[in-house]
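Chain lettering (A, B and C) follows the sequence in which the chains are written, and residue indices restart at 1 in each chain.
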Amino acid sequence: MVSFDTIRSAADAQVDVGIRIYALAARLFPICRSITGGGVRETLRVLGQHIDITQHEVPTGTQVLDWTVPQEWNIRDAYIKNASGRKIVDFADHNLHVLGYSKAVHETMPLSELKSHVYTLPEQPDLIPYRTSYYSEQWGFCMAHNELAQLEDGEYEVFIDADKTDGHLTYGEYFHSGQSDRDVLLSAHICHPSLANDNCSGLALLACLAAALRSRKTRYNYRFLFAPGTIGALTWLASNEDNISRIDHGLIVSCVGDGGGPNYKRSRRGNAVIDQAMQYVLSSEGRRGIIQDFSPYGYDERQYCSPGFNLPVGLFQRSAFGTFPQYHTSADNLDFISPENLASSYGMIMEVIDILEMNWTPVNLFPKGEPQLGRRGLYSALGGDKAAGETAMGYLWVLNLADGSHSLLDIAQRSGMSFRDIARAAQLLRANGLLAEAVS
Amino acid sequence: MVSFDTIRSAADAQVDVGIRIYALAARLFPICRSITGGGVRETLRVLGQHIDITQHEVPTGTQVLDWTVPQEWNIRDAYIKNASGRKIVDFADHNLHVLGYSKAVHETMPLSELKSHVYTLPEQPDLIPYRTSYYSEQWGFCMAHNELAQLEDGEYEVFIDADKTDGHLTYGEYFHSGQSDRDVLLSAHICHPSLANDNCSGLALLACLAAALRSRKTRYNYRFLFAPGTIGALTWLASNEDNISRIDHGLIVSCVGDGGGPNYKRSRRGNAVIDQAMQYVLSSEGRRGIIQDFSPYGYDERQYCSPGFNLPVGLFQRSAFGTFPQYHTSADNLDFISPENLASSYGMIMEVIDILEMNWTPVNLFPKGEPQLGRRGLYSALGGDKAAGETAMGYLWVLNLADGSHSLLDIAQRSGMSFRDIARAAQLLRANGLLAEAVS
Amino acid sequence: MVSFDTIRSAADAQVDVGIRIYALAARLFPICRSITGGGVRETLRVLGQHIDITQHEVPTGTQVLDWTVPQEWNIRDAYIKNASGRKIVDFADHNLHVLGYSKAVHETMPLSELKSHVYTLPEQPDLIPYRTSYYSEQWGFCMAHNELAQLEDGEYEVFIDADKTDGHLTYGEYFHSGQSDRDVLLSAHICHPSLANDNCSGLALLACLAAALRSRKTRYNYRFLFAPGTIGALTWLASNEDNISRIDHGLIVSCVGDGGGPNYKRSRRGNAVIDQAMQYVLSSEGRRGIIQDFSPYGYDERQYCSPGFNLPVGLFQRSAFGTFPQYHTSADNLDFISPENLASSYGMIMEVIDILEMNWTPVNLFPKGEPQLGRRGLYSALGGDKAAGETAMGYLWVLNLADGSHSLLDIAQRSGMSFRDIARAAQLLRANGLLAEAVS
């Protein structure tokens, strides 16, 4: 148990943390990431300037659970030129322009044929969509529907200088060591190219949070994972089967820079401590967070909460993926996220960590009747005062429910009191020899 | 397991099934049934023209659980004549005119004495009530209150040519053999005389449903029971104690020809699969079915759900017994039921049977992480498409909840998806080697 | 099992019981009680004129659980005189004037110093507050704020003739012996001085209730406890650890003379039979009683429901403590309580006792199918009557749920029928050999 006093409120550190997260997200934004390749490595290099990331390289062809690590994809250049030789689409302008994992191509073809390789959003005609084709051999471009509509008939030169070669799948880990042998998993997907909210925001937030934890003695180990979606999570799970039982709590972090939500999707278990803690934080301080039950579509909670693992891992977001118009388009840019929103997301996650750190299950050592709080200086000397009982309510609730089956978070929820007040009461009762921690 | 494709929607067969059920109910309507006697046999003979019914004859005096099979009652004629010798009540006009199980009588008596043997409905003065006295030695007539009121003082001749003799209690069974050794029980009471909804409708519907099942390979055995209420069900239970544990699901069918409801009364268990399935069907396709908890008054669910059996047997009705003004009166006639209502009742029961047939409990054979659906052709090749995830939701829900503790019906309810979509997804996953059936 | 017929409705005895309770409360009101001392003994002496109370004397210094029995406090006189020698506060006028457990004092001091020893209620300036200081060595007076405000500067003589000496803690018990070895605990705190509702009302009500039980054969033993709050309950618990497992139900009774509520605070278990029974009584007959979950602040339910005992003990009140303006002030006087309110509180507690006495868990001896009620004279002979089923519903509900896991109170709640009707049906079924009592 870490002492109560060493756990400072996250609020102090939050003043300019939003600016730092935003600046880091802005540095990550231009990098062309995919599920493998140089973009992931460059992203880890930038993150590594803040925290000591361990970079893992898993060879193409490695079997990971039901999947196989694919070939590595790297892209150098891509464009479409019209008959006049003018680049009407240029990868250098925006990395969303190229279908992710496109194979190389260099051909000239009429507009009609070109169109079968071009993805647009007719209902959002000024935006470039984000499209990938990881496991099917294709090539393609993405562009604004209005620009496609203006193209005149004629021959177009398409050029994609990319290759898929045997190489590696890359992911990064940062490990903050705590006093126990129990882990908290914090994970953000690293595979999306220039999409600011999804998920430069999550990568930058976790990196800054990891940096902040360095100065803190914690009870839990904190395992930060920066890995490509799906195949990265599967690779990590396949490589860490022996450690998985140590994960007591986990959180997927994505889309944490916009002003929506906050949203929390429960773990498959539905009533894990992380679910309780997130629900507590998202309903305290006037927040009207949205809590949704687990569903098997989303980010890597899909993998962590598959029935064979069923880990207590939930998903924290501001706007929920797929529900905001900027989602998976070029409008998910640096204007869509803000330091203020990043700071408040950071604050909520830090509050959850505070709860995980301070939560424990007390056992009343004087369970028969109330122990005499007065002679221990824990109770107002003056009886009959209407307010006197109120001030002692924290002690009374903790003592009454300290039967080894209620955590402090349970007691806070049952009593309607704040977790902080309950935790403080429990600490003082313990210091006075009235409580012990339950053997789990 | 029957294959998904062989189970056709009941909708195709439903076009004229309502007409057929109505025609059969109309043939059954005039027959004077009671809990024993020739009327039951004649009813089974008519039903037997549609399906091969096994007729059981249980002798008077046989002990069945706490009851004894009563003497058999048969009636040939009955009337009341006024002083002028005119028949003012005639059994030949309507078999409700005679109190069920009346003993024989032939007397002349003043109106005042006659009245103590006449049952009417003062609040529905034009209708003849339905009354019986199975276990108490009485005689009586039923008539419209208005007609009774018009009778002048004077002597009346009452004549009932009926007898109670040692004979048999009669009931019929039809057995549709399935591929497993597990049973579904479908039961309708056969003891009511000329009451169309209660229960010519249920008898006719079950007979047509049994006929329709003949051409269908099913997983379950379907055991159709046409038996008198209470004593018939008790007799069947007493005779089948060894088979009762094979009943996985059961439904009592009555009052299925009017336009009310639909109503479903849960089994005593409250959460049996039949309860789930009925609730699903009665809340799908815009139906606003009424679901009620079990109560110990009603039809033969009273016996099947007695605490010593506690079978998963519910009650399906349109208007609930006792709640419609025609109930147990001469207004429950062939005008009160319609082919359309019979067809829709039939359709709902067939939907429930479809669910029972298609429902199974899957176990994910690749429970760690998601299996790679793409290389099995089960997943859109193109990532990033907002709609792509939606189409795959059936696979994801089934895989995620396929831990051996969720049936497909559970998964449909948890996911909010249709049972049909979930069942189709499960079938495809199983065909691809990703699922097995849980060992129960 | 006590027979149903011997348990008369409490209503008959209720006509003038309110007057008797009020008269007794009025006799108790002037006595200066505290947690020890002559006032408690005098109170027990008055109660002892109604019932044979066993008086227990526990020596100062006795260890009771985590507490120690304190010195005994007795007070003879107390006043404040102004410079003219006029008594401006006199203990003889009202025993609330002295801080409970004040040490002796006889000094002269200026007004400014006096004020640090005087307690008032600025927001209720005409009322004298009730204050105590049991475990901290102080002296003090309580008075109306308006009177304090009118005091002129000058010297005041303060005099308290009280002593704390080694002596005893006193409590009383009355035991009503029933036919079983299971107990019901009924407890009222005896430690408050001249406060009519809190708790002369509870003491007087329980004494009259105990007197009424004398003429009644009961299944349970009834253990009445008149003990000082907290230390008295702890002392009793410490002295009765071996008997505690015999307590099946318990009720703390306080503040039962005003017109508020009724209020019931559930035991810590939340679903004990006493909780069920109280909820039933407080929601029947048009009462809109308030049911609150357990919380660890209040009266001696704090001790009985501490996690090491966790007894099924709830709290019955009219207005809830701390919520009414008269609470712990001189306005909680004999005008605040009334015979009518005392009578209705008495009636509700007696109804709960009736339920506890009549409640049992039946087992159907004919659990397969319904037993034939008709041949046992328990069922209308005439079938088909729409109302016939209703009258038999009590039998059917009891028989159907008589599987050894439902008490009669459970059955009443599940069926929506009255407890009395269910209990009567169960008694008749049992008399007919259809039910037995479950072995607990």
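Side notes on the structure shown:
Note that contacts are C-beta pairs under 8 Å (C-beta built on N, C-alpha and C of every residue); 3 or more make two chains touch, one makes a residue touch a chain.
To keep track of the chains, here are their UniProt names: A, B, C = Peptidase M28.
None of these values were measured; they are calculated from a predicted model.
Taken chain by chain, the contacts link every pair, so each chain touches all the others. Interface residue usage between chain A (Peptidase M28) and chain B (Peptidase M28), two copies of one sequence, is largely distinct: under half of the residue numbers at the contact are used by both copies. Centres computed as Cα averages put chain A (Peptidase M28) at a distance of 54 Å from chain B (Peptidase M28).
Across the assembly, chain A (Peptidase M28) contributes no residue that touches 2 or more other chains. Taken in their complex, chain C (Peptidase M28) has these residues touching chain A (Peptidase M28): 65-67, 100, 129-136, 138, 230, 233-234, 237-238, 268, 295-297, 302-303, 305-310, 322, 327-328. Across the complex, chain C (Peptidase M28) is touched by residues 364, 366-372, 374-375, 381-386, 389, 392-393, 396-397, 399-403, 415 of chain A (Peptidase M28).
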